[in-house]
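Each of the two complexes below includes subunit A, the first together with subunit B, the second together with subunit C.
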Partner chain A sequence: MDPMAAIRETFFQECEEQLGELEAGLLLMENGTAEAETVNAVFRAVHSIKGGAGIFALDALVRFAHVFETALDRVRSGQMEASPPVLNLLLRAADVLADLVRAAREGGVADAAHVASLVVEFNQINSGAKPPAPAPIPTPVQQWEIIFTPRPELYAKANETALLLRELQRLGEMRVVLNASRLPELAELEPEGAYLTWCITLEADCTAQAVRAVFEFVEDDCELEITQALPAEPALVPGSIITGDNGFSFEFFPPVEAEEEPAPEPEPARVVQKPPTQEVAAAAREEARTATIRVDLDRVDRMIDLVGELVINEAMLSQRVLEAGLARASGVAMALEELEHLTREIQDSVMAIRAQPVRSVFQRMPRLVREVAAQTGKQVRLVTEGEGTEVDKTVIERIADPLNHMIRNAIDHGLESPEKRLAAGKPAEGQVKLAAMHRSGRIVLEVSDDGGGINRARVKQKAIENGVIGPDAQLSDDEIDNLIFLPGFSTASTISDISGRGVGMDVVRQSVAALGGRISIASKPGLGSTFTLSLPLTLAVLDGMVVAACGHILIIPLGTIVETLKPKAADVFPLDNGINVLRLRGGYVPMVDVAVALGYSERRIDPEQSVALLVEGEGGLRAVLLVDAIHGQRQVVIKSLEANYRAVPGIAAATVMGDGRVALILDVDAVLRNNRNETARAEPARAELTLQEAI
Partner chain B sequence: MDESISKPVNVTPQQQELIAFRVGRQEFCIDVMKVREIRCWAVATVLPRAPRYVRGVINLRGAVLPIVDLAARLGLPGSEPTARNVIIVVQIAQQQIGLLVDAVSDILTADEKSIQPAPDVASELVRSFVKGLLPVDGRMISLISLDLVLPTELQEAA
Partner chain C sequence: MQKTILTVDDSRAMRDMLRHSLMAAGFKVLQADDGLHGLELLETEMPDVIVTDINMPRMDGFGFIEAVRAHESRRAVPVLVLTTEVDIDKKQRAKEAGATGWIVKPFDPARLVEAIRRVSS
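Showing the complex of A and B:
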């Protein structure tokens, strides 16, 4: 990549972050939980995008950002109230800004008419309340006290305090006194630390904003206090020197060029003692802003690949050592064990690099909720929990769509209209809760609503209409609830814009299954429904059971295995056409011979000679898989088969085992589906029964 | 030795470097630029429901590499591979594939002109895979097209 393109890419990455902050800030303002700093952060986000866009000559973006920024500046300075209509416009503008950034990044074109209409709206509000004389009213000379304490980051970003002070001097007469009381002994001095505070007295005919503007780009990286000095303030003795309590004393000397101007009379400076609480708050802020670096995802992926190799190599080495007949207690074996620990740790650490909090996905939801609420005429409050829960980046990217669907569904189908809610004795405003948590090595996402719950009679009737179940089928409540995950199932009697396209939950289930996850539903009539998504933390490694089928080594994802058992001949019943079922605690579960299902063998193995694994696939589909033997359990690095070959039916992916050979990872869902289809072909009358059992 | 076909010295634009290998009793060659590496045979993991000529997959430094048995693909009599067999790893578009052959026999530099067109015969094998014929030291080496050696389903998947 040429350097310019790389810088451009960085700019767009930063834009993404700024847009996230913009949105989050605007939502805080809308909720009324915004602090004074929020509006500044929002303003800075737009301002930074505008600045960057200017460098890359992205004119459309600059123009829009400018108008947007102007409005925000007026809100910031209190000239315009952040009323709901204004906030609504600002939120919409944030959307357009995001569109424009995307258009600039991908070389596309944003909806020009939409952009223009927003600009018109902005111009209306910007000009509407604007004072007739936009030129700054000459302000009388005022005295400003500025206390400026840079943090280390300020220096790390190559800012120069002298330049800032020089800039400040342009505004008017100024005296600067350095407070070096925090400067430690030389031995304790952190070379890249920041210990100095400048107390500046500025006499200028400018506003507080003008003073603040000098520090605009370093505001985040310093403590800045700007106060208007009262005229009655007693003057300090000229030439006063601030003395630190450790005995050091410093006086600030203005930069060389500045000396050409008449040196200002040293004036009294006040040492403003900051209240301790503020310091604590600052420290907390500092902590939240931990040092980060931006790394190309490809590099991280490459590292993950290499660590995967390392794990395989380490396993190969262990095996060789065993083969060489070295004792377990020998030095080699012990060193090897340490190597194994280290390797695992490296693997965990590398995986952690890719982990990200789900916040980025959750942040997109409030807007969606508002949109859907507006479309459906329902009142909705979104509650989020566990935004900090971390999960692999690949998973993050792919949970947004299913979550979108589920939230739409929760509002459209789950929540009742305000009138119905009031009639049922509930508050008119419904609640949709989105929660994330870690649970036994997986991430669990829950979308719950306090609506009416699943209308089981309606679902069942619909299922009968669609021919999914027979008219006289006896289904348990759970089974009925799970019907909504079947393809083409939607209970919305009219096709709505929001969710009733007949693709709803089936698509969600599929995309979740593609991620190696599972979805389930719990519903209580009148109280609401909870959808639970359980996903692996990463898509790069998998916990699997190593089994042998007809001499071939296969990996069965541990997440799908419910239990392992040793079938007894007395529990095996032939159903039809060579299909056997196994009696299991009073129920009957179809048996699938893995070697036959994959075409490795024609002849079924004797169930009594085999090991059986009860597995559960998507939609709660259950079956007993028969294999020759279980070789153990291990974490495997997932390798794509498609990269150099193609998708293989019944196989999800491949991995490399300790002996360097490739082993295949069984696609349990595909095997179960396939088995179901074969059963259906073999005996149409039985298909319904199988399906019902499966659900 | 024929003037136009010699061991690689300085390859001019009109010349092509080729790698020759044996499959059964026949000799074939492919463009050397397509070859990534040559390695010895390792037992492949059988893929379910794969075409007969796809031997399975092996681990190539962490990547999963499918192995195409060239003898089976070209419809020649083949035998179970042994440690003496060789895998030629070739790059085709974005994919890497291992070709199972009996042995690598030669590296040649051939003039475009010296490559004779494949005779128009009724053989499906010749029509599908053979791009040209090269006379070398009294032997005949068939220049084969890799794109067609690939199973068609593979190309669709690619």
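Showing the complex of A and C:
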């Protein structure tokens, strides 16, 4: 990476950290638990972003950060009280700042109107008070005549007229006339000579000193004449070399002055004599700083990839050793066992590097809740639990939007209005709870509310109106609840700004499914609803059941398997649409012949000769998968199909087995869906062959 | 002789930027991420020029400059303030603390180098 790009990347990483601190600090201020240092840290965060943005000429970011910072500075210095309306504005500004940072990073554009409206609000609260910086004494607009003739030395010191003129232009209106009369014939032209003179007319409300300051560094290397076209220049204001916020200025304090005012002679130790609390805090920060290092995600991912290869190779080696018929107690086998153990540990440790607490996502929710509550006129208390639960970084990143949507939904659709709640004998303030926990190797996220629960009559009616179900469909309560996950379903009678942004719960379900997760709902009328997301801890390995279908080895994600069965012919019933169902404990479950579903075979296997796996896909959809045999259960390293071949319907990914053969990982949900509109394909077989050659 | 510059800034992007520009100009660069860290480095190092930020955690630029000037041996080291602050009061404070010069970010690397050359010659 070229150094500038790397520095830019560092800047954006720092911005993310600063934005996190900003938000955390503002929330502390809102709770009234902020200390003076918190306010300073909040100010510094915005200030740093502004400073860095300046380097990279991110003007929109600089401008917004500047008004933001001005307001914070006034809060910091006690000129403005951090009242609820002010904090509300600051919190919204933090959002916009984050948007601007993101836009700058990705080269996109932030919502200009939104930014502008906040700037207006800032100007309102910033006005009427004395300006944070004593404004330079305004000087009337004057006209300056500047005649500037660089000498060769000027160019030799890497100065450039264009830059100087640009500086000058910041001061005011400028007209430039180039005098090239001294320019010799080409033959006589000295490449390093200086032949040009610029005559500049500048109209600006600045002092002579300010004009001269532009030429500060070059005045020894040029002829410079500055004259005032209008008389009566006001008294010079010392140190009034001011350029625009975004402008460069340099002022060289006269060394005389520094000597005139010898620095006081404080005890050198004075610096260290800080109140103990500060010292402790500083020590804690220092510790936090040294205890972590920043590593490029690419490097971590590369390592994860390599460890994946290591795991596969180790498995292959084990297989070879087994095939060689070495005794279990032989030195090789024992060393191998040790190696296997180590490999697993390395794998776990590497995965842990990518794991992060869900806190970063949870932290964004209080603001969301506040906003939605304000928009809906509901009173909401957000309770979070298990913020320290760790999960893969990618999962965290991709789970933010679905969670966002679910929380909006919980407030907008789940909770009742304060009046209704009081009438129902509940406290006016509703509760939305967001919890994270680890459960059997997966992370489970729950969004629950104590609202009215799913209005099943309305959901069913809506589903019938939208043609999602037939008018005479007989559905259980659970099935009705699950209707909200279907595409195009929305119970809000008018599309509200809050949860009806064109995304429904089906999009939530899809994004969760894309992460290998499942979503389910439990609702009790009058008591509220709980949405449960179950996600894999990592996207790099998977616990799978190794099965055989028509001579092909397949992996079925363990998380989807409910139980294994040995079906009896008497329990199998064919339906009119060609699908067989299996009678299971009084109910009927559709049967899917995996080999047929994936196009490996035309003929169905005899259920009695097969092994059946009862699987459950998204939305609680169940089916029995028929395979030839089960080979065992193992953890496999996921290899992306898209990266090595292309997406294949019915297949989620691939992996390499201990014997070096490629095995495809079944996309259970896709297979279940396809079973409904059965289409045979040969695609998986082709993918397997291509991958085998590639690996 | 190669000159050594101590840069004091809490932003890593800014430090990287400074190091990049200053090294390209042939300086040796020392980096500190706040005033206290800068003082620690000064225990063992004697830079030719110090470039410092103002707004930093733990110890800000004012405190840092004062502490630098508090030491007899460091009186002569030029200290340039590189900051986004445009507040005249702040500039006055920096001056009083003993700063040699004041540069408003965003800086033009060439001019920063020029400023450094000027104060260190």
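Keep this in mind: the second predicted complex is superposed on the first by the 451 of 695 C-alpha atoms of A that agree within 3 Å, B and C clash if a C-alpha of one lies under 4 Å from a C-alpha of the other, contacts with A are read in each partner's own complex, and residues count from 1 in each chain.
Definition applied: a contact is a pair of C-beta atoms (placed from the backbone, for glycine too) under 8 Å apart; a residue touches a chain by one contact, two chains touch by 3 or more.
The shown structure was predicted, so the numbers you read here are calculated from the model rather than taken from an experiment.
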* Figure out whether A:E309 sits in contact with subunit B (first) or subunit C (second), or with both, or with neither. => first
* Asked: In the superposed arrangement, which partner chain does A:L664 touch: subunit B (first), subunit C (second), both, or neither?
  -> first
* subunit B or subunit C: which reaches more residues on subunit A? -> C
* Asked: Which partner does A:I7 contact after superposing on A: first (subunit B), second (subunit C), both, neither?
  -> second
* Asked: So, does A:H552 touch the first partner subunit B, the second partner subunit C, both, or neither?
  -> first
* In the complex formed with subunit A, which residues of subunit B make contact? -> 42-50, 56-59, 61-66, 95-97, 153-154, 156-158
* To do: Please name which positions on subunit A make contact with subunit B in the complex.
  => 305, 308-309, 312, 552-553, 598-600, 639-651, 654, 656, 660-664
* What residues on subunit A touch subunit C, complex-wise? -> 3-4, 6-8, 10-11, 14, 41, 43-44, 47-48, 50-52, 54-55, 57, 132-134, 136, 157-159, 163, 217, 239-240, 242-243, 245-253, 255, 257-258, 261, 263-268, 270-271, 282, 285
* Show which residues of subunit C lie in contact with subunit A when the two form their complex. => 10-14, 16-17, 20, 36, 39, 53, 55-59, 63, 66-67, 69-71, 75, 83-84, 86-89, 91-92, 95-108, 110-111, 114-115, 118-119
